[in-house]
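First subunit A sits with subunit B, and in the next complex the same chain sits with subunit C.
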Partner chain A sequence: MVRSVTSFGRSGLSDWLLQRFSAIVLALYTLFIVGVLLFTPDMSYEQWSGLFAQEWVKIFTLLTVLSIVIHAWIGLWTVGTDYLPKVWLRLLYQSAVLLVLFVYLIATVRALWGF
Partner chain B sequence: MKTNRPVNMDLTTIRLPITAIASILHRISGIVLFVGTAFLIWALGLSLSSAQGFEQVSQLISSVFWFKFIIWGTLAALGYHLVAGVRHLLMDLGLGETKESGALGSQISLVVGVLLAILAGVWLW
Partner chain C sequence: MSQLTVSLYRYNPESDQKPRMQEFQLDLPEGKDLMVLDVLALLKEQDTSITYRRSCREGVCGSDGMNISGKNGLACITSLSQVVKNNKLVLRPLPGLPVIRDLVVDMSLFYKQYERIQPYLINNSPVPSIERLQSPEDRAKLDGLYECILCACCSTSCPSFWWNPEKFVGPAGLLQAWRFLADSRDQATEERLAKLDDPFSVFRCRGIMNCVNVCPKGLNPTKAIGHIRSMLLKQAT
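Moving on to the complex of A and B:
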């Protein structure tokens, strides 16, 4: 059996499950942020920074970006294996995707704990 | 594999069924979200950095067209991707997997996706 070494969970079933867990986190965070913005049409900086000063909002946001890392890794891995048959090209593409996702993670940590 | 099997490389003669359209748009919206996330995280960082940064982001979203358009595109992609994702979860439960219900589910996803894109536009403009 040929095992994929570049997929997130190293197995199709694991990726399938992680894609769904991460999707649920992302859906909940979307509802949360869109809800906050809809119910606070004239948001001030004090309200906005006060929201993100709360520990649970920081953790929820970090969990969401971790979910994006997993979800996009699995999703874009699938796209790459479909359209990039050349191994070197696919590895290059996947490295670029991972680098971008890592930057997203670092940028979020800095945004949340840096203010 | 036989090398003399019929091959049709003329893509204009192939019509995608609605289920395929729903599927490829799920994929495209995912790629749009991957790119759009960069702007969202950058805007989050700037908006939290200071009152001036917050004001800058508000200005960008309310009066700079290209930025507003990127935010709208990201929200529209998010709306459709979310709906198509929920449809996937329903299909995991065995709902909407037949030829007919699959086509119906695709139609519903596309219609709701367009509605959400319009609502996002109304919200931003």
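Moving on to the complex of A and C:
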């Protein structure tokens, strides 16, 4: 058993599963947004904000951004542990990735619920 | 007679600052498809300091794994017609492991990972008077697993093993891990699985299948890793 305290779920299996679940959510959201854009070619601001005023779209969007956070963290953590052998550089990189993902999450919540 | 240019990786830690490639010209007999190991023997006649491992010379012992024109393989069962392009052959040691001298690598990390998966039957029930029986069906599950000769061609072609050789078991070790997980006589399944559930040991495999591509015995470590993953999933969900 190799110890790791910075991976998302501490277990390879849970990271692997979450990576796949989050990928499905991301694929569904992509289909949803592409579908909306295709069926409403002349989208007005009112239509766009009307779409995101619906509670289920907000929740779906939040779920998608949470999936991005999890998916990106698991993937980029793997990349970092492969290519950055220096511990200080790896921790710096991991902190930077976490910060960016945190900002994504906060920005999404603010945009959706506007506080 | 046809001419062959062999570019050979040379490194002697006692005299060289760093490794270099040395070129040799070789006259090959017509109408014969030599093995790469034969070429090395001919080169050693030219320069006795050339160092490599070999033993059975028929693909059974796994000693002469090396990087042959960019692809890992056993020198003794790789013919020149398979690997020579434009009359040139490039020989390097297996990638990713420390070089001891010329084509000889230090396999300690590779063996350490093999040792880690406990490559032996664990069965604490009393030993029967004759042998532990297995049905033909259960025995068949070990086909494609037990044939591994530990030549390290697969693990040293795997980028995940290059970057994390102390943490990722590697395709060779994982093929053997599955060989004992799949064995009906083994009783340590849970104990074995518990040691593999971290983000490195098994899950560092990204499924690029370099291992399958190079295995001189035609085995499939990626498939074995998939089986281990499913077993972990079944056990934990």
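Worth pointing out:
Assume the second predicted complex is superposed on the first by the 113 of 115 C-alpha atoms of A that agree within 3 Å, B and C clash if a C-alpha of one lies under 4 Å from a C-alpha of the other, contacts with A are read in each partner's own complex, and residues count from 1 in each chain.
Quick note on the criterion: a residue touches a chain if its C-beta (ideal position, glycine included) is under 8 Å from a C-beta of that chain, and two chains touch if they have at least 3 such contacts.
Everything numeric here is computed off the predicted structure, so don't read it as measured data.
Of the two partner chains placed by the overlay, only subunit B lies in contact with A:W48; subunit C stays clear of it. With both structures placed on the common chain, the touch criterion links A:S11 to subunit C but leaves subunit B unconnected. In the superposition on chain A, A:V100 contacts subunit B only, with no contact to subunit C.
Touching more residues of subunit A than its counterpart among subunit B and subunit C is B. After overlaying the two complexes on the shared chain, residue contacts for A:T30 are found with subunit B alone; subunit C is out of touch. Applying the stated contact rule after C-alpha superposition, one finds that A:V87 touches neither subunit B nor subunit C.
No residue of subunit A touches both subunit B in one complex and subunit C in the other.
By the touch criterion given at the top, residues 20, 23, 26-27, 30, 38, 45, 48-49, 52, 65, 68, 72, 75-76, 79, 97, 100, 104, 107-108, 110-112, 114-115 of subunit A touch subunit B in their complex. Those residues of subunit C lying in contact with subunit A across their complex are 159-160, 163-164, 167, 194-204, 229, 232-233, 236-237. Touching subunit C in their complex are the following residues of subunit A: 1-4, 7, 10-13, 15-17, 78, 81-83.
Residue ranges of subunit B in contact with subunit A, taken from their complex: 27, 30-31, 33-34, 37-38, 41-42, 44-45, 47-51, 54-55, 78, 82, 85-86, 88-89, 92, 123.
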